[in-house]
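Chain IDs A, B, C, D, E and F follow the sequence of writing; residue 1 opens each chain.
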Amino acid sequence: MTVNEMLPLAVIASSLLPGMVIFALPEARVGLRSVLNLLGAMSKLVFVILLLEGVARGEVYGFRHTVLPGLDLVFKADALALLFVTLSTVLWLFTTIYAIGYLEGSPHRSRFFGFFSLCVTATVGLAMAGNLFTFFVFYELLTLSTFPLVVHRGTPQAMRGGTVYLAYTLAGGALLLTGIVWLHGLMGQVDFVHGGSVAALGPQATAQIKVVFLLLIAGVGVKAALVPLHGWLPQAMVAPAPVSALLHAVAVVKAGAFGIVRIVYEVYGVEYAQSLGLLKPLAIAAAVTIVWGSLRALTQDDLKKRLAYSTVSQVSYIALGVALFGPVGTIGGLAHLVHQGIMKITLFFAAGNYAETLGVHKVSELDGAGRRMPLTSAAFTIAAFGMIGVAPTAGYVSKWYLGEGALAAGMDWVVAVLWTSSLLNAAYFLPILYRLWFRPPPAAWPAEHIPARGWRETGWLLLAPPLITAAAVLVTGLFAEAGWSPLAWAKLIAAREYLQ
Amino acid sequence: MLMLAFDGLLVLALLWSAWRCLASTDLSRAVVMFIVFGLLMALAWARLDAPDIALAEAAIGAGLTGALLLDALGALRSRREGRDAPRETP
Amino acid sequence: MTEAWLEPAAWLIILPLAWASVAFLAGPGRGARLAILALVAQLGLALELAADLTQRGARMHAVGGWGAPLGIDLMADGLSAVMLLLTQAVALPIAVYAQAYFAETHHRHAATWFWPLAGFLLAAMNALFLSADLFNLYVTLELLGLAAVGLVAVGGGTAQITAALRYLLVSLLASGGYLLGVALLYGAYGTVSMTTLAPLAVGQTPLAVWIAAGLMLVGLLAKTALLPFHFWLPPAHGGAPAPVSALLSALVVKASFYLVLRLALGPFAMMTGTAAGLIGVLGASAILWGAWQALRAQRLKQLVAWSTVAQLGYLFLIFPLLAADGLALQAGALQVVAHGLAKAALFAAAGVLMRATGRDTVEGLAGVAGRVPLTLFAFGLAGVSIMGLPPSAGFLAKWLLIDAALKQGQWGWIVVIIVGSLLAAGYIFRVLRQAFLLAPEDSHFQPVPRRLEWVAFVLAAASVLLGLRGAELVALLGVGS
Amino acid sequence: MGETHRRTRIPAVTHASLIASLGWPLALMLALWPARTRRLAQGLAPLAPLPALWVAAVLSGDAVLELPSVLLGTRLGLDATGRLFLLFTALTWLAAGLYARAYLAHEARRSVFWAFSLATQAGNLGVCLAQDLASFYSFYALMTFAAYGLVVHTRSAEAWRAGRIYLVMAVLGELTLVAGLMMTAYAAGGTQVADIQVSTPSPLAVGLVTAGLGVKVGLPLLHLWLPLAHPVAPVPASAVLSGVMLKAGLLGWLRFLPLGYAAYPEIGATLLLLGLIAMFYGVAVGLAQSDLKVVLAYSSVSQMGFMTLGVGAGLNAPGLWPVLLPAVGLYALHHALAKSALFLGAGVALKVGGRAWVLAGLALPALALAGVPFTGGWLAKSALKAGLIALPAPWADLLGVALPLAALGTTLLMSRLLWLAHRLPAQEAAQALTPPWLAWTAAGSLLPWGFMPAWPWPMDWTGFTLAAGPVFLGLVLAFLAWRWPLAAPAIPPGDLVVPVERLLQALVRARLRLNRRAAQGR
Amino acid sequence: MNRFTRGLAVAVGVALAATLVAALLELPAAAVYLPGAVAQHLAQSGVEHPVTAVLLNFRGWDTLLEVAVLLLALLTLLTLRGSEAPVAEVEAEPLLQGLARKALPLIILMAGYLFWAGAYRPGGAFQAGAVLAAGAVLLHLAGLLPAWAVPGRLLRLGLILGFLVFLAVAAGLLGQGALLQYPPALAGNLILLIEAGLTLSLGLVLAGLFLFVTGRQA
Amino acid sequence: MSTGLLYALSGVGLFMLGAVGVIVLAHLMRKVLAFNVMGSGAFLVLVGLAQRTGQPDPVPQAMVLTGIVVAVAATALALGLARALHARTGGVTLTQGEDGD
């Protein structure tokens, strides 16, 4: 086995193995568990950096293992995969730090961190999947490994959330499976290749191919929380904050969005999908989701639920970007994959900080929290502005490219969608900011757990991650055109997708 | 021809005894009918040039099975309830 | 080639018979260590046989040196090798499990003759998988049936005895039908050797043979608990002690299924079309009905047993899909193996959960996630295979099944498969969900031997990881077909 | 995108100055956060605009800073328009800052004010320097959102209400602007101002940009926030809000509308019409006000109408733009200076009462606004008029009548202002506020002369009469109104916002009732 | 079981029987004729009686497994009765006792004959074992032989001996090329050995089916 | 019609009689009896059909011997179970409607 084959596996193993060991660890081994966690996260980061460097040089990384005749488990670490892998890896590191602080002293931590590692394993595996089958394998693994995290608290509410989550995702998985097998039956192994391979089937299979597309998109659309398949996401918010932060804001929904990207670009091929007229419905679905999610977010008082509906809305930007036929929209969508991740994770970190530090879970209880926790609130503010799309944040950049892409694709109405969405984003984020900064704090917080010490308004493990990610929101937006930015990477991918 | 008539009668007897065995309302009579049936079967085996089976049928089918049935009949007739509470495996 | 006296196929039957006898000789409750030791050897033999077959193709072993049709042939091909491997692979861990399980005073009475019974059971299955003679198969079926009934009865409670009796009666009725079928076939062709019979039956099929086929298949379906003959299974499998349930659900029902498959591929190859479709419909109904019942079951083991009813249904979906491409056959074999491992794991885990909570209800599981996490993980892993989620072997089975259905344009089955998987997810997660609940204040948990937990885990992990090695299994299956 | 631009060798000092002009206010703002540096930062805060002033006044003309990796390719620099705007912006902020130091001497939440003020200032200055759309929008957004803190600074009920309305309108405006900019950039194929000014975006894009920025400018119907927000802010904040921040919108028009390159007759006509309406509407509603600062705010609506006319004319007749651009610039300068002086003065009047010297100090910029000859207003109006009368048929005549009438209105409004100030009861003696105000008033009256374009207006009596006549007539009317007061209808500040607000409230209440009913039904 | 299902079962049974009868009446002759093969190979089987030859040589494998079936039934019965001691003895019946005492030697003799005769003519281990078992049952009924409790080591050995011998022979002959492949020279003796073991064990097992169960309540 | 065939036909009748009996009869003893009748029927078919030409066939005869032993084992087992059930519940039938149904 060559290095180029092993490196993708190493990326997967670097979270899988620590996770397995952690499962077996007794509850009390906090130190060892933390070391294992961080070691895994760090080593994954190192592997990913090696991959990034290699891919930028044009190296090809991949691995293939035959499961059944004509059915291979394929990994490939191409530029697109690495976009997602890097995002997950970096955010996993921060979230792990955050989770160590967040869950300090709570029960069942071995289980939590075990499944947490498994989730990340699933996410990177999914990102590096080289064919539909492999994608599906990790797609389902992701479902399974997130369930214990959703129900982690063991309350009836958590159970309800978990049940809804499962019902949606498993049903989605079933649709996806049907689509995959169908396609498999039509053309054998469906590897992800630039420009897609379905076009080779020729015109007589068009009707079937369209149905398969519907199945596949509906399947991944559940995780991507496309309306009306989004019902699980707000329910899954009963999970602990780090879970909501990394998984539901980033990993799981992104898995769906990422699936859409792969299916459109590398299974169907964007030109072919366009010629079949499949992109416009997708764009419409994404647009509806964008607006609907925002509308629902408006009326939520529970902070995490509001953020969840916001996720519903924001993730569809990615699908929208994909559906905009042309490189600019693609760049916007792919950049948003990263941008939304860092913005939303910041928001969830902050929400978790309010909950963990002050016992505040509701928007209406946030009055004056900015004075008590200025750093957290500053991070929240930056991310919220990012969500609205205010320059110079990351959100602005992705929205800009989406808008330009829409115009280039002749879908001017998308600009109106973006406008509406931004307006609604402002309508549900600005009141929060207003409460944070401009309302007087209450006499006492609902349940203040962590006292402020000097400028440290909460535990440093809780404080550092949101600050770093908030800084990233600014930096990725501000230096969007720099060579190392997510946007630049997205441009690289778009160039490869559209030039080949 | 005579043998065929005998065979016919034997077959009828077999069917009849089997029917009685299953249909009679009295269980002990049923068991007795079964033993009769077994013996008739032994005859039938003999008619089929199968003396080995006839022997086995007489000894095992009618004899041993009959004894088992009679013994079980006695046991099942006694309407004593179980001494111990039924054991359950959790 | 090994010496003749080292023939693994023969030893796979002799060995369990021998250790069963020795265990009997050794006295009540004895024989565990011997059994485990022997099972290690059996697993080795099965592997050896599989390796040998892959290298040199299928082979016959003429018992007594006569050969069919006068004598009895043992036949080892890919399908039998797969079944043999599965049997030994499940039996070994379950034996380890049983040793620890019955060591508890609470269960000791059940263990008196467990080991000889288990030995005969395994011997019966191995003999069945190797036999190519219809009457010999009848004897192995009876041997298997009585051993299984005996194992069901070892629990000793009213429920178990009732279940055993019902199981026995069904089994006897079924083998009666089978025997009559054999009688008719012998009358029609003058032989009971499958290899001799197959070309004859295909060449000329009088009405009596059709009836024989019907009788035999119906009998076997009843033994496999295909809907509507499933009624005996949930009490029998749900009521027996955990290791017994594991053996029964994982292996015993597969034996009669194997026979159905053998017959359908061999002497009764003429039964296609409507008959196969009918079996498929029954399978589909079993999938749905079994899963539905599992969703409603109050008791944990009952739930797992109903799950068996449902999962067996998948096996019968392959009959309408059997085709030259072999996809459906592969699907069936994979499902047998996947379900075997997974169901053994589920029952093993259920045994642990019951012991930990002290009762056999789904509701009583609240809070066990914190107490026996490994077991729960095992339950979940096995569930993955049962639900047919990747990368488990169960997934590969369902994949192939869907693939086969698509290839033949029989869409209906796909819907059934998918819905069945979702229902399976429903009942598996019903358990997991309950386990993750906060433990009620008044609950107390008993400690459980670690070995029980690990066995469940190993079995479950095997059923999932096998999904990565499906190619090997399929290659083995291809030997001699 | 940046390739098309002239790359010139620019000394490091230029880069440093450009960065400092924006970085210095931001650095001061951040320095307010730690308790250790807070006092120092507060002390230096009034001087925050100095680097910008240096850039505007001293730096050579082609000062450009290109940062291709920042945002969508950032280009900061100065052109003639930018320099003018930067100059009066920096100056006004300087004056307001010095004024604020005295104004806030006893204020507890000083540092909060300074923080928002510095952020707003950085945005405002940045807008002047931005030569590409992304950085312009970034600074513009920074300014808009930070100014919210200034609007609600007093935390009074009116302030919250004004803040809310300000924010809603601002967000609507920004989003519309972004949508318009997207289309514009798409049409222009780049994000640089230089690209956009020579492109022909779709009328929709132009309309969106116009409307988005129009919120800031206070176009009629988009002005609703203005009369609410400007008065409730602390006086120095009002001065910059009304004085220079409105001009940021104007600058946006100048930057992102292809003025002088492409004709958009319909949009131009609409703007002309809206400008006209604004001129009179501001006056009419302003006259019905009884709060000094509200009157001034409506005056701003009215005055921005003049500049709108200029831009509208430019869109309508691109050929006129070379004449119009300096006039609009001059008008912006003049209004910035006069309006901020008036607001600062109003603040003094509210503190010390309607003393004579206060009234005199107020009268100077008030007369300038009215366009009395030899004031900055006169210069600006003359310059604008020179451009406007060259418009095609209906407009030239219409404006020929409307402009003097508008001057009459302005005079009336200013009289009303003075009258209201006069009625203020005398309170404290002169204050620390006074020196910065008076100095600024003086500077403001002189500065426009320095930016006078080529002599626009025949220096004959007709001209004087046309300029002074309306003023005189207005004064007479004002006198009459003083002697024989009419019962003017009382229009609440924010005029149309009141019914709109009621409607929205009713909708929200209905929605809540529905929710409650649904919850009960469950 | 409701009336409908009963009716259905009866109807299906009758229909099936009728069809089957019709099918049998028109069944053509079988293609394979095994009796010929049996006769042909009888000489090499080691016995002269064809049924015994089939039972213990040609299809000896069936017989081996069949013995296991018997053992299994016994095992299950043993499992069921658990470890409880037998209940009170049956009352002795003088008349039956006398009969039994007289019949016993006769029965043993008959069993011996049947066992011996099996090689040449009808008879064999099964019949002999059955006769032995019948004798034991008779003894029990006469009150001369108590019901059996948990089998001791010796009894266990007796019960399993025949099977073990059979199994050992089967396995031992693997070296010949296949299970139960008797060398022609040794075939007769080996079969005799097996039959001897089986007669003993089958007698005990069949008796056990009765004696382990009878007279007790569970 | 040969003797073999005649007995084979009667075997069919016995088999069906027994099979229906096993299903229909409630009392466990009767079920056992019916099972034995059924088995005998099958044996008759096996031997009778093979010998319908009139020639004795040792192969099915040996099979039937095996079958008889199996049947007696099953009978003993069924009776043992029935007795155990009776001892525990006093019942002599399989009550319906338990978990399974």
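As a convention for this text, a residue touches a chain if its C-beta (ideal position, glycine included) is under 8 Å from a C-beta of that chain, and two chains touch if they have at least 3 such contacts.
Everything numeric in this text was worked out from a predicted model, so none of it was measured.
*Asks:* Quick one: remove subunit A in your head and tell me the pieces the remaining chains form.
*Replies:* B, C, E, F | D
*Asks:* Which chains, taken as a pair, are joined by the highest number of C-beta contacts?
*Replies:* Per chain pair, the contact count peaks at C-E.
*Asks:* Based on CA centres, what chain would you say lies at the far end from subunit C?
*Replies:* D
*Asks:* Most remote chain relative to subunit F, going by C-alpha centroids?
*Replies:* Chain D.
*Asks:* From the mean C-alpha coordinate of subunit C to that of subunit F, what's the distance rounded to whole Å?
*Replies:* 26
*Asks:* Rounded to the nearest whole Å, what is the centre-to-centre distance of subunit B and subunit C, using the mean of the C-alpha atoms as each centre?
*Replies:* So the centre of subunit B lies 35 Å away from the centre of subunit C.
*Asks:* On a C-alpha centroid basis, what's the spacing between subunit B and subunit D, in Å?
*Replies:* 114
*Asks:* Using the touch rule from the top of the page, what residues of subunit D touch 2 or more other chains?
*Replies:* As it turns out, subunit D has no residue touching two or more other chains.
*Asks:* Scan subunit C for residues touching two or more other chains and write them down.
*Replies:* 109, 135, 139, 142, 146, 149-150, 153, 156-159, 161, 184, 186-187, 190, 239
*Asks:* Give the list of subunit E residues in touch with subunit C in this complex.
*Replies:* For this pair, the touching residues of subunit E are 16, 19-20, 22-24, 26-28, 30-34, 37-38, 41, 57-62, 65-66, 68-69, 71-73, 75-76, 78-80, 82-83, 150, 153, 156-157, 159-160, 163-164, 167, 170-171, 174-182.
*Asks:* Sort out for me which residues of subunit B touch subunit F in the complex.
*Replies:* On the subunit B side, the touching residues are 3-4, 7-8, 11, 14-15, 18-19, 21-22, 27, 30-31, 34, 37, 41, 44-45, 47-50, 52-53, 56-57, 60-61, 64-65, 68-69, 72-73, 75-76, 79-82, 86.
*Asks:* Which residues of subunit A touch subunit D in the complex?
*Replies:* Against subunit D, the touching part of subunit A is residues 299, 374, 385, 388-392, 396-397, 399-400, 403-404, 407-408, 412, 415-416, 418-419, 422-423, 426-427, 430, 438, 477-483, 485.
*Asks:* Name, in rising order, each residue of subunit A that touches subunit C in their complex.
*Replies:* Answer in residue numbers: 23-24, 65-69, 71, 73, 107-108, 110-111, 133, 136-137, 140-141, 143-144, 147-148, 151-152, 154-156, 158-159, 162-163, 166, 170-171, 173-174, 177-178, 181-182, 184-185.
*Asks:* Provide the residue numbers of subunit C that touch subunit A in the complex, in ascending order.
*Replies:* These residues of subunit C touch subunit A: 330, 367, 369-370, 373-374, 377, 380, 384, 387, 389-391, 395-396, 398-400, 402-403, 406-407, 414, 418, 421-422, 425, 429, 432-433, 436-438, 467-471, 474.
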